C-alpha cells in the first residue's frame, strides 16, 4: 500500500523525475462535485519550481490533465486520473549519480531496498513526487468545499533560526501567505527569511525550517479511533513528505513543559446552545477526534540535502570522493512545501469527512 | 480501519474499560514462531497500573490468554487472538461522567462523533486500550527475534522541564531503563524526575514529558515509499497513542536550525566491504527507508488530563460546574508509556520486515 | 488480510477447533444500534452441530459473549469482540491426523503453505471457523435492520440430484425454511432430501448440494464498481465458505443458454413514479450495483470430505494407508450451511450499505 | 476500494469510454523485472475490438504507454502507471442514452447510485474498463514469469448451447486458442460456434457462453485463509468482469451430484519424494490453498445486453419507448473475454505469490 493513502477518499500517486509523467488516481470522490483542471492548477503552480528566485530554476510547467472521472465539469463518482508530464526529462549524464550515493538522499537506501541502482536514485523520495499529491489535494479541497466551508492554510513559520510570531489562526489566508515569495505571512519576518535563504544559497549551502498549518471549519466528530486518530493520520501524512523530521499538534513538544492544570481545555456554553472548548491548547483534536475548533499543527523540515559545497563521502564501491551537486537547486524547500502540507492535510480531512458519514445515518424511528 | 494497524502484520485491538475484556487479534504472523503467554506477559506487566507509587493504584492483573493461533508453543500462521480481562470493572456511579465532559478527555468529541454519551466516555481513547497494543507488540517482537536480532528500547527522556542527557543508543537496554520506577536510564536525572512527579501528585496536578526510543539491528531497506515511509508509519503509530502531542526523528525539530552542510550524513567504506552512513543525524531513516543504523525518535506526551484540582468547566447541558476527578490517577503517564512506545515501534518494524520480503525473492537465473 | 472482510463494516475472525475459542471482532458498526447476545445467539444455534439427526453429534453449545463494543444494550461505534468457547476441545490422539493428510481436506495444503503439520490440520479451513462469521453476520443483520427493512433468507435447494422447485422469492422466510431439519422450504422435496442424507450416512458416505439465497429490501444503488461489485463481493464471500465449489447470480450458468432478447430486463414505470426493472433475470444486480429488486444467488457445496468409508491414500511420508474417519460426522453440510450463507450475505450488504452513504451526502445548495 | 484489487500486487484501474484515457497503476511489483510496452501490448491486442468479424468494429488501437515505474527496461519497484488513450471518443449525440436507460446495462443502477445521469451511462461497467485490467494482468504475468514458470490459458468452452469437449489442461496453449477467431481450441466445435455467433448477429441478437481457464505451474501453498482463499479471490476477480453470471472451480456445480467417495482426491507418492493428489477434482485448490496441480475454473457470461432488435421499455421519465441500439456491437463477448479472464487470474496469482513470501522466510537456525 506504499503509494496509496486513505480509506474512502483514496489517492494513489505515481511517477519519478525520469519517467514520462507523474500524477495520481483519486478513487472515492463522491459524484456531482464541480471539478475541472482550473480547480487543480493553482495549487500546482504554487508548488512548481522556478516560480521565484528562492527556488530551483528547473523548468516544469506542471500542467495537469484530467484523464477520467469527470464529465461536463462534474465528477462521476469514478476514479479521477490526473497526469502531469515531466517536461524537463533530462536524458543527460547520470553516470556519477549511479556511482555515488548522494549524502542524505535516498539513493543508498533505495539501492539497498530494491537491489538495483537507478538513474532516478531514490526516485519516489524526490520532491517531484509531491506534484501528484498536490493535484490530489486540490481535488480533496474542491470536494470538501462542495459540502462545507473547510479552509486549510499553511505558511512558513521558521527558516533556520528565524521564527515568525504566530498569526491569528482564524484570519491567516493564502493571499497573505503568498504576499512574499518566502510564504511567511508576517511582514516583518519575511524579509529576514528571504535574506537568510539568499545568503545560504550564495554560500552553496541550504536551510531548513518549520511550516505551520491551520484547518478551519472542521466540525466536531471527525477522526477514527484508534489507529486512524486525526493526530495519527496527520502525522503520517506530514511525515510522508520528503525532508520532514518532526510533527507536533497544538502546543506540541511545548505541552510537555506545562502541568495538567495549565494545559487542560475546559468547556464553556456556546451562545446558541451546546458547549465548546473554551481554550484550544489541544490544537482542535481530542482523543484523536476533532473538537470543532481550528486544527493546528507544525511540521519540521530538515535543510535541503542537495548543496553546492563539496562533501567528502564515498562511492558505492567505497572509494573516497568529493561530492558536489551540479546545477542549481532549492536552497530552502519551505516555500514550496506550503501547498504540499495543505494538500496532505486536505487528503486527511477528505477521508475523515467521508468516514464520518456512517455515524449519522438517518434511522426509521428517531432515537436520542 | 479505525482499529486495525498494518498491511501484512495486521493488528486489530478491541475493548473499553467498562466492557468484559480488552485485547487484540494479530493476523499475518508467520507460522513456526515459538510463542506462549510467557512471551507476552512481561511487557503487559511493565504497562500495568499499580506497579509503583508513581502510577495509579487501579488494580488490574492484566493476565493475557492466547485464544487461538498457536499449538504446542508454535504459531500456526493463523490469527492470534489475545484476551485480557477487565478485572476492575466498576459498575459504580458514572452519572457525573455522563453529565459532564471531562476537560481535555475525549468524552465531548466521542459524544459528537457517535451521537451518544457512554459511561465509558471516550472509551477507546483511554490508556486501557493500549493493553491490547502491548500484547500485540510483544508478539511482533517475538516474531522479529525469531528471524533477526532486532532490539527496541524506549525510555523516559524528560518529565516536565527535567531532561536527561541522551544515553548511548547502542548500549541502553530495558534493564537499565527499569532500574528506577520512572524508567529514565540516567541515574542522576531519575531521582529528580521522581521527585517532580511526587510533587505534582501531591499538588493534585500532573506532568507530561518525552519518551525516546531506539530500534537497533534493523537492516537497510525497510520501509515503503511513499505514504508508508518508516518515518510516516512510526509517526502514525506514536501519534495514535493517547496523550501524544509530537513526534520527531533523528535531530527532529533541532534539524531545522542546522544547515545542509551541518546536517548531511556522508558515507564511509564499511570495513568488511560495502558502505554505510558515517554519521546518523537522520535517525536511521533516509527517504523513508532504513539505512542500517539505529533508528532513533522521540514522542511528546502532554500532562495527564485527569487531575484532582477542581476545574471550572460546564456540563453537557451548558451549566457551570467545578469538575474534580475522584480517586487517584497517574500523575504522569510517562513511565507506563515506555512499553507502549516500544510496542508500537515493534508493530511498525514487524510490518516493514514482512513487506520487505517481496523485494528479494530468489530468481531462476541470477540478475545483477 | 486473510482473516478480515469488508471495507467499512470490517470483520476479523479467529480460532481453530483445537484452541480455546473461536470468534471475531466487528469494527465499523455504527453507534446506537440495539445489540445484545440475544440478537446473535439464534443464528449460532441454527449453525450449531448436533441440532438434528442429520448433523454431527459433536457437542458445542456455541454460547456467544460480547467482550466489548456495547454498553447498556447499544453499540458504541467501537470494535465489537465476540467470543465462542470451544467446549469440545479433545486433547486426544491426533497422531494419525498428523501422519496422514485427510483426502480432500486442507491438511496437505496447509502443511505446504506454513511448513508445519498441526494437530488442527487445515484448522482455519474447518467448518468451526464459520461460527465467528455467523456471529458477525448476526451483528450485520441487526445493524441493517436498525436502518431499513433488509431481509436475507437462504435455503437448501438441492441435495445431490434431488432439487426443489424455486420458491416465491418474495415470500420464503426462515420459519418455512426451518420447518424441516434439512432446511428445504418445499414440503414435498424435503422428505426426499432427508431420506437421501440418511441413506448416504448409513452407507458411510456423504452428499453435496446447492443453497439458494434471496436478499429483499436492498434499495437500488448498493455495490461499488469495479472490483467491489455486489456480484464480485457476494462471490468472494460465498466462495470463502468451506466446501463451496460454485456461485451463480440470477439465471447464472443458465443465462449462457439464452439470447440477449430473452435475457434482457426491460424497465417499466413504477406506479408511484420513477421506474423499475420489469423482470429480474439479472438477480437484482446490474453492472455490479443493486437495482432495487430482490437479489438472488446460488452456492454449490461439494459432498463432505470426511466419510467413514475406507479410502486408499498415502501418508505424508508416502507410505500407502487406508484412511477411515473415526467417529460420526455430518453426512451433508447443507442444512448447517444455510445460516453461514445468510451471514456472509449480511456482511456484504452491511458493507455496501455503509459505503453507499458517501454518495448521498447533503450539500449546502441543491444541485441537479 | 472500488477500483483497487490486491493486497501486495495492487492494481487500480481508471477510465470511462468518454474520457481521455483508460489505464491503471500497478503498485507493489517487485524491482528488477524486465518490462517494456512490448510485454503488455500483445494481450491488449487480443482484447481489442475490431480484430475479427465476430467483434464490434469500434476502432481502438489500444496502444499502451508506460508512464512510470521502469527504467532501461527494468521495473523500479515503484508504481507502474499505464495509459491507453481513448482513440474513439465520440462527442456525438448521447441525448437518447441519457433519457433512456438501456435494458440490462448499468445506466439505471449508476444513476440510482450516484444521483446523476452521465453520457457514459454506467461507464465503469463497460467493457472498455477491462483494457486497464488486461494491461495490469500482462505486468502480473511478466512478473510471475521472472520468478517461476506459471502459465495461464483461458479459452471459450461454450457459446450458447454449443459446448466443446474439455481439452487436456496440461497442453492447451494460447496459440491453439487463437487458431480461430472464436478462441475455442477444439477444431470441430469452433466452426459451429462461429456460425452461431454470425447467425445471432444477423438476427440482431446476441449470445452468451462459458470461458474456461487453467493456471499451470502454481506451486502448493498459495492462497490465504479465510476470506482470501484462492477460490474466493478468483471468484471475486471473475465476477467483477462485466457480464459474468457464474463461477465454478474444479467440478463446480457438477460436484453437487457426486458422493464424497466419488469426489474426494486421495494422495499418492510422488516419484522423486513427497506426495501429491492422485486426482484433481478439486481443481487445484483445497481449503482455499493451491495443491500444486493445475488450477481449473469456469466463468459464465450472459448474452450481450446491447442488441439491435427493438426492445419495449421505458425512459427515465417512465414514458414507453422502443429501444434499439444504434451502430454495430459485439454479438458475443466471449472471444474478447478470454484475455480478460487470463488477466484477472494473473492478478490473483501475482498477489498470492507475493503474499506467500512471508511464510518461508529464512531463519537464523534451521527449523523443521
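In this document, chain identifiers A, B, C and D correspond to the written order of the chains, with residue numbering beginning at 1 in each.
Assume contacts are C-beta pairs under 8 Å (C-beta built on N, C-alpha and C of every residue); 3 or more make two chains touch, one makes a residue touch a chain.
This structure is a prediction, so every number in the text was calculated from the model and none was measured.
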Which of B-D and A-D has more C-beta pairs touching across its chains: A-D
Chain of greatest Cα-centre distance to chain C: A
Whole-Å gap separating chain A and chain B, where each centre is the average of the chain's CA atoms: 25
Separation of mean Cα positions, chain D and chain B [Å, integer]: 44
Where chain A and chain D are represented by their mean Cα positions, the distance between them in whole Å: 38
Overlap residues in chain C, where contacts from two or more other chains coincide: 1-4, 7, 13, 28, 31-32, 77-78, 113-116, 124, 225, 359
Touch list for chain D against partner chain A, complex: 1-4, 10, 12-16, 18-23, 25, 27-28, 31-32, 65-72, 74, 76-81, 83, 113-116, 118-120, 123-124
Interfacial residue positions of chain B with respect to chain D in the complex: 7-8, 28, 30-32, 77-78, 146-148, 225, 354-355, 357-359, 361-364, 367
Sites on chain C touched by chain D in the complex: 1-5, 7, 13, 101, 103-106, 108-110, 112-116, 122, 124-125, 129, 158, 160-161, 200, 205-210, 219-229, 231-240, 242, 244-253, 255-270, 273-275, 277-278, 282-283, 285-292, 300-307, 309, 311-316, 318-320, 323, 356, 359-360, 368
